[in-house]
Structures are given as structure tokens and as C-alpha cells.
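Next come two complexes built around subunit A: one with subunit B, the other with subunit C.
Presenting the complex of A and B:
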């Protein structure tokens, strides 16, 4: 007996227009809810949260709705002695938040406000003998961190600070039977991870190692009858894959393998017309992460 | 936040909820400030463990608190005999199991579990394998758990054959288990290497068995993608040897070009090519179409036309 395809039905009264004004209000209001429980318990990722919010604002050309000086002051205050950035005060530095910090300053075009050399040193010291990157001194290895390192150094103009050849070889050792990539050698392919690996390979001029036809097939099969994209086979759709999958397809030149109109209606249906913002699926709770990746898609 | 359905509430419910959250927030803020204070003072004691446990139980992705716990464990190791540390680590594993019940997809929790296992005096990797089996029985697609299982199986010296059997078992429970099909693709070349010595290739008999299994799967459920991707992999495993596919030469009085089309991308060699025209040898330059050093399947050899036809 065949199993049901995992998917969602788009409710008939779902939004079909992009409500940019509401989304900008949602992001602006989110940053002001400093005494909200949800806001406080996500402090461990604040730097990335600010990046998601700010990038959303830049995409909507509403960046003036966030206080530039406050944001820059916050970013600067999160740089540690070793050059790395933490998500917030009292938190430890990590590569994830170091990239977010660099991205925020790059959006504002003021990367020179921080100690660039120290930051470069922090990132390059996280490279291991096999070419992989750890996220911080506690040793978790993941291809996400390879991307964070490459993207950080590219934005700082210092790709020469690490062993690119070895780093590329490590990423290639994470390639799978379906042409995709996982967290570590042996790990299953995942769209978010594929985006990171393709992004890193693109930065290192090494995309020729990718089997674009095979990977393109796997990526375009992420589209479900509802139009939404999932992150792995036999999973539910989620608006954030509108970014991870689409950007991956774009990198390997296969964007036209997706039904754009259906995806557009899925993304629009994930908007909350009352509060603004996007959710992962129609009818779920909205947040800045899905708002950015909905808009970016 | 993933998969949280938006629920409509009455004003009364909303107010009750607001009050409850306010209370929760107050406790949360007090506890975290107390932890920061203790950490700044270097108080690596049981109270620090207990306070951070309270916060992590509700918010397991708060990675800095796991860092603090690791600092405490490292500190305590200097002051306690191995049996005390073993006991503390057992308790930590129990706590981590509870965290995984709440959020089985937390990167920080799985990573901390691996760290504790590596840190503790007598880790029982066989028991860890049981834990992985348990979490895979809740969700057969949890990639964090699959990754930790691969690590654990290696530590527990489980043979690739046994892991292959585990993968078969999982697939027979439910053909729609892409994670398990993926695992087979890693194990098959290890267990049944081809005589040719090519590490990527698989011995013919084993391949035929895999075709049967994949066919069974898509006869049972033709709309499930897992077996189709695996089938495609079984079929298309030949890799082209590095060869020249085509050579094309063109010239006029100023420039002669030889265009070489290869089966695989190649970077322009650093040594200049030497081309023979009968008795005459002419040195040229390798270039790709963009005149940069990106590898390409098409490379040009540029020669000066006057040199060739002098």
C-alpha cells in the first residue's frame, strides 16, 4: 500500500499578496520586545537574530526602521579578546555569531569599526588538520562551520588566512550518493547543509567538483504538490528551504528546474496578515528567521 | 520555531497566559543572572551545575551554559577520584537523555553527550548504541541521532556488516527511510568492494541483491522517493576516465589555437605546452575560456601564428 505524500494543503483564504509594510512592522516590533519571554530565551542566538531582522529590512528597503548606531554598538560590544563574537553579552564567542556580526557590519559597510586582524585570527585558528572547521574551542565539527569560515574571511578579504585546498577536500569528503552534502563524512544530505557546502565551494572556485545534474535533480525534487519545498525526502515543506534550496539551485545554475509560480503562492500563504511576518507553514507561528528566508525566497 | 500552530485564544486566556509567562520570565532572568555571576566569580560548584541544569532543561540550545558545565567537569576532575567523576558523568548522561526527550534535534545536546562520553573514565559505548536505537525508534529520520550512532558504532567496534544488517532491518520496518538507504550507500562499497580495487565500486552479486531490495520498495510504494534515488545511484556508478574527447585547431597569420576538450574538468597546467609541427617545436600557453585558473573541461593552447608559419 502506498503511503500518503507528506505535504500541507494551502487553506483557501491564504494571503496571495506580499504585505511588506506589515513585515517591516513585525521585524521592528520584534526588536523592541525585550521583556518578552520568547525574546529572552532566544538570547543565545541574538546576533543571528539581528542579522535576520536587518537583512529582511534591507531587502524591503526599510533599514532605517532599525537604529543603526544601536546595532553597531551591540555588535562591537560582543567581540571578545580572542577576536570571536558571541550571540550576546555573557555568552561565549562562536563562529556562527562571528559570521552574523561580520555580515551585519558588511551590510552597513563599516567592517573597519572592528579589529579585523583579530577576527581573521580567531576564524583561521578554528581550522583543523584535516581541513574541517570547529565552531568554537569545544570541538564540534560541521560543514556549516566551513561555510561560516569561508564567508567570514571572504567578507574580510582574507581567504588567504586558511588552507583552502584542505578545506575544500574536507567538504568533498562529505559528498553523498545523491550528490548532496551532510554535516560530516558519512552524514545524510540536507538542503541547509548543501547550501553551506555549495556556498563554500563557490567562494573557493571549486564548484566543478559538484555533479550539478544529479544534485539538481535531488534539489528540485524537494518541491511538493503544494508548491513548498522540503529539506530532505519525505519531509514536510518549510518556508526556510525557499532560501536554502533556491540559493543552491541558483549556485549550480538549475533554478529553472523549480515551478516558480507554485512556490511563490506557497511562500505568500505562509504570511500572517494580522501580525506580519512569515511562518514555516501556512497557519503556524511567525518568527524573524522564517520572515527573512520567506522574503529572500 | 518550527511546526508551532497558531492558536486563537480569548482575552481571558491570553491574560492568564501573559501572567504565567511573566512569572516564568522572572525566574528565568534571576537564574541566568545568578549563573553569569557565579561563572564570573569562577564558582565551579554543584550549585552552578544545578542552576544551569534548570535553564538547560527548558532551553537546551543555550550553548554557553553547556560550555560552563564542561568547564565545571574539567575543574572537578582535578579534585575528585575517578569513581566520583564516573558517577557525576552518569548523572549527566541521565540529564542529557531527558533533554533529548524534550528536544531530540538539539545540536548542543548531542555534542555535549559526545563530549561527556569522551571525558568520562569508563564510557559504555554499547549502551549508547541502545540509546541511539531508542531515539531512532521514535524518529527514524533524526539525522543528529544517525550521526551520533555512526560515531558510537565506531567506538563500540561494531562491524560494518552489523551496521548493514541494522540498515536492512530499518528499511524493512519502513521502506520510506531515506536515512537508512543513505547509510547503505556508505556501507556497501566497504563490505562488498569490487575486484577492480576502485573504492567506489561494488561487487556484482551484492549489487543485484540491492536492485531487488530497491525494486521491492518501489513496487510497495512507487511515490516514495527514497528507493528511487538509491536505485539511480546503483545504476550510475561509472566515472569517466580522464581522456581527451576532442581536439580542434584553428589558425590565421597572427594566432594559432588548439582547443582541447577533456572528459573531466582540469586546471590549466603550469608548464607551457610544446607543440610539434613536423621538425619544428613551438611553445604555447594554456588558458581556459575565461583566462583565469578555474578548472574547466575545455582548455585552449595559444600559439603565435608567425612562429608556426614562419
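Presenting the complex of A and C:
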């Protein structure tokens, strides 16, 4: 218990330059990979996977490397009769993948290719009497879903379709003594959940409810001596938090509270120079999720 | 990789073996994959059984996972094409296929949904499904989809049995299942959130009034003082005995916050930053207490587990509950004097003693925790004075420990 230090050492020969060409190749190749098992085992989040890949490509200005028609065709084919989108064919509609689908179409600027009204109806029906949102018809509640609903409706220009005030009240009921947020009232603060709650509050113009000093301090304490950011106290650093934490700090105007140079070298060290792509920590396996959040950071 | 056709056939064989295993031992309570990195030979022998059961623990050999999953996943998903849902699968097949899929990939939400549909239509028993999702948690203790599915099933069980009976016959088991998952990883977010949900729904809701009455009866100001001081001592002891643990410092913040919410910290507003960062060395290495701590730190048998820590808190609460009547006699002295323990100066003093004599990597973390804690207290007590521009550089230096 006493001796384990929860941080990583960046190996001396780690990458220090951003290899954009490699990352674009990595994402492009990932989309074409047809290994049956890999494909099937990740199919339950395909829609989000496509969004992560495509956003990475857009960030690198390499979006032409993914086949636009294929992507749009795939998205359209995942819309269900109730208006929601599923992660892939034969899967069930869910708010998480509905947001990813809307984000993909928004990136391409062709949101009008789907039945927007039906989608709005699907999202707004997921709001509960207490203001919270469920993820699908089975009723799981989570502040992540509040964010998904707000972001979806904002992109569709239909925030008026839900009760914003009640939704904001629910999010605030998930605020903790440290200024952070958890998935439900009383749940521990978590960087990913904080991003969702702050994002939702920002969309609803309600950031004045947030204690920016306390929350900013909790967030910048996520930076470890290696420069990397973790998601909660005593957890290992992970590249994806460079997005969740940085974006959160940006929303509350405290970005300068962390050491940018150290974080930059940590993120760069998580690249795989041979295959392209980013991993969670230096030396680990790369994937599109961490590639997007590394690039975004 | 062998060609897909053979894999599919093999997958069906392994699928049958798995089903057979659950028939031969209906009491399977734990599952895991047995890594067989060097059993190419074994794999070639198709009659080799991929399943091992010992003492109700199910082991699946790693070489059968891919074909097994592919077979079950494709067959299950094909049946869900919109318009012809479940058209060609029997209930037994759906139960077995979703079981094989979820044992390998617990995040496959659509597979969980097929089970919810079967429970809704009454063809799959809620209890059987609870047993199965418990089994999945033994292999995937952090699976968010599994816990979400369990919450849905619990709500159905509650509707079915009524809340009283659910609490009597299922709540204890549910707490045990989630504690087991929580103990696999000390910081298992999904498992602890699930437990918080249980408490909120079944203990808080139903006993709210009882609890409130209870609290009103037992918690006078002095008693709360006693509870918080004991908790403060508890964190002090842990911090000094096991230096370098951010979570204990974090808990101390909660205690500090809770105290100051109720009793206010009059002294903190007058303390200057200079005083907070000054290090009046308060080395306690030579005291008997610290010698005792050093021996505890290096003796593994005395290091408390999470479970012991939890039961330590329960013990504390029990003592609190039982001991109040006797405490009231001494609480006369506890008035103004005891408010100083959780004041800013006393916490600064504690921080200085916590970092004194702390060396090595643990000491480094301890120093970071300590200065972050002091900075947190300052932020908390004078938030309005903290202008981003003014304190940016201080803040950065302390938080990253550079």
C-alpha cells in the first residue's frame, strides 16, 4: 500500500514530434480493417468509433481519406423508426449513438439527410419528470445522457424541445463538495462526467451555477508529475483525459492552471511512431479513441 | 487465422460445450478465461474440451474465445434485424447465445436488451438473469452495461415482489455482489455508483423518516463534533502511517469541508498565504507514536485492506451510536475550544508534520498532496480574492509538484 506511486515515467526515447501523416494512415487503415473478430467485438460502439475517426481526420484536415458516401450511408442505415440511432446494424437505438450520428452528419454539413423531427422527438421523449435523461427506453439515468441530449438538440437547433430549467436542476443535484460532478446524485466526481455536466451547462447558458475556483482546482490537480492527466485522485494518467479535463478547464476559463508544456510532451510520448495512433499511456496499444483525444488535446 | 467457415463450425462446437457446462453445473458462480498461449497443439485436437469446471468455477480456454464469440454474436444479431425480431430463435437459443456473447463482451448492450425483452414477456426469470449478470461481473467487475442492466432487473424484481420483500430477500445479496466487484478494483467507479444507487433507492427512500428521526435524536452539535474529530484523527493516522496516498488527503478535505459547513472556520479568513506555505518543521520522527507507525508501515499483516477500513468506519459509527449518552458528560468542555482543530492554522501544522521526515518517492507524493491540500483550503476560504491572473503561476507550480 505504501510504496506504489501512481504515475508513469516517460521513456527517454519517446516521440517528441507530432507525426500527423502516420496518424491519418492509422485511422484510414483502421476503418478498412476487416478482421472479423475485432470488427464484431467493437461493433456495439461502431457509430462513436466512426465519429472519433472522422473527427481526427477533420482535425488533421485529411477528411477526404474516409469515404464520405459510405459513412453517410452507414449513419442513415442505423436510424430506427422511433428516430433514434443504433451503434450499428441490428443493434438497438441509444442516445449515445444518436449524438454520434448527429455529430457525423454535422461534420459533413448534411444533417438534412435524416428525419430531423423524428430525431428531436426521440431525444426529447427521453427526458424524465425530474429533468434527468435516460439513455434509451430501458431507463438507465446518467448525467452523460443529459449532455448527449443537449448536444444533440443544440446541433439540430431544437433546444426548445426539452425542459432546460429542470434538466439543469438535475445536473446541479449531481454536484459534489469539491465542485465536481458524478453520474448521479451522490456519485463521486469524475473527469469524464464533469466534462459532460459542464458541456451541458454551457449549452444551457448556466455556467454561473458552477464554483469555477473549486472545480478548476480539482481539475488541475489531475495533472501528475509526468505531465499526464488522470480521471480521479490516485488513478494513472490517460491521454483521453487530456480532452475531458482540458475541455472542462477551457469551459470555466482556467486552462492556464495546468502546465501545458509538460502535458504536450506526455501526449506526444503516447504516440506510436511506427503504426501511427495514440495510446492511453506511453508504450501501450494505440486505438482511434485515444488518437482523437490525443489530437484534440 | 483459419478460414471463416471452419471458425464458424468450431464456434458452434465450443458453444455446445459451454451450454453443456451450464447444464452439468447449474451452480457456476465465477468465470474467467484461461490463457493458453502455447497450446496450438491442444487447439488442433478438436475433441479437446475448451471448458474446465472446478468447484463451481468455470474456466474457458483462450483459444476458443474468438470462434465461440463470432458464432454466438452473428447468430444472435442476425435474429434482431428489424421487422423479423427473434423470428428464428427459440427462447433457449436466445438465452444461451446472449450468455456466450456477454461472457466475452459485457458491453454489448443489445445482447443485454434481448434478455430484458425476454424478461418483459415473462419467458426468462428475473432471478435467473440476476444470477447470470452476477456471474458476468465476476469476469467484468467494471462493466457499466452490466450494472445498468442489473438496475433495470432490480426495478422489475421490486415491482414483482414489492419493495419490502425485495429488501428482505435480495438487498443483502445485491450489496454483496457489488462489494465483490468493488473489491476487485479499489477504485471501481461503476460498482460504487451502483451501491450508492441501492442506498438511495432502498435504504434512503424507505427509511428516510426513520433515519431523520434517528439523526435528530442522536446528532446534537457536540455529537457531530465528536464524530468529525474521530474521523479527522482516523485520516491523520492513515496519512502519517501510509504517506503518499492522495485519496486519504482527499477524504480529509471532505471532513474539513463538512466541519466548516456546519461550524464555520473563523480563523481561516485572517491567515495569510505566507503563513500557509511556511514550513515550521515539526519533526516527530523520534516520538514513540512515529516509531510505532514505521513498524506498521512495513508489516504487511497490519496494513488495513479496503474492507477493514470500511468496517473500521462502521465500528466508529456504532461506537458513536452507543456512546453518545456517556459523551454528553464531557461535551461541556468541547465548546469553543474544539472548533480550532479544523481551523486553517491547525491544518497547516498538520501538513508540516505530515511532510517532515518523508523521503523517497512516497515523500514526493506526500509533499504534493500536502501543498495541494493547503492551496485547496485557501481557495475554499477566499474564493472571491482568487483572480485567475494573479495566482496562475503559483497554482500551476503547486498542482504539478514541479
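Operating definition for what follows: the second predicted complex is superposed on the first by the 291 of 297 C-alpha atoms of A that agree within 3 Å, B and C clash if a C-alpha of one lies under 4 Å from a C-alpha of the other, contacts with A are read in each partner's own complex, and residues count from 1 in each chain.
Assume a contact is a pair of C-beta atoms (placed from the backbone, for glycine too) under 8 Å apart; a residue touches a chain by one contact, two chains touch by 3 or more.
From a predicted model like this one, the values you see are computed outputs, not experimental measurements.
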item: Subunit C versus subunit B on the shared subunit A, clash or fit after superposition; value: clash
item: Touching partner for A:272 - first (subunit B), second (subunit C), both, neither; value: first
item: First, second, both or neither for A:46, with subunit B first and subunit C second; value: neither
item: First, second, both or neither for A:23, with subunit B first and subunit C second; value: neither
item: Contacts of A:177 with subunit B and subunit C, given as first, second, both or neither; value: both
item: Subunit B versus subunit C as contact partner of A:235, first or second or both or neither; value: both
item: Touching partner for A:283 - first (subunit B), second (subunit C), both, neither; value: first
item: Subunit B versus subunit C as contact partner of A:186, first or second or both or neither; value: both
item: Which superposed partner A:253 touches (first subunit B, second subunit C, both, neither); value: second
item: Which superposed partner A:208 touches (first subunit B, second subunit C, both, neither); value: first
item: Shared subunit A contacts, counted only where both subunit B and subunit C touch the same residue; value: 1-3, 5, 35-37, 40-41, 44-45, 86, 90-92, 94, 138-140, 177-178, 182-184, 186-188, 190, 214, 221, 232-235
item: Subunit C contact footprint on subunit A (complex, rising order); value: 1-3, 5-6, 35-37, 40-41, 43-45, 80-81, 86-87, 89-92, 94, 135, 138-140, 177-178, 182-188, 190, 211, 213-214, 217, 220-221, 223-225, 227, 232-235, 253-254, 256-259, 262
item: Residues of subunit B defined as touching subunit A within the complex; value: 1-6, 21-22, 24-25, 28-29, 32, 36, 58-59, 61-64, 66-67, 70, 107, 111, 115, 141, 143, 146-147, 150, 176, 178-179, 182-183, 185-186, 220-226, 229-230, 232-233, 236, 265, 293-296
item: Subunit B contact footprint on subunit A (complex, rising order); value: 1-3, 5, 35-37, 40-41, 44-45, 86, 90-92, 94, 136, 138-140, 142, 176-178, 182-184, 186-190, 205, 208, 214, 218, 221, 232-236, 238, 272, 279-281, 283-285, 287, 289-290
item: Complex interface listing, subunit C residues touching subunit A; value: 1, 4, 7, 66, 69-70, 73-74, 77-78, 80-82, 104-105, 107-110, 113, 116, 148, 151-152, 155, 187, 189, 192-193, 196-197, 200, 242-247, 250, 253-254, 257-258, 297-298, 303, 361-362, 364-365, 368, 372, 375-376, 379-380, 383, 386, 388, 392, 395-396, 399-402
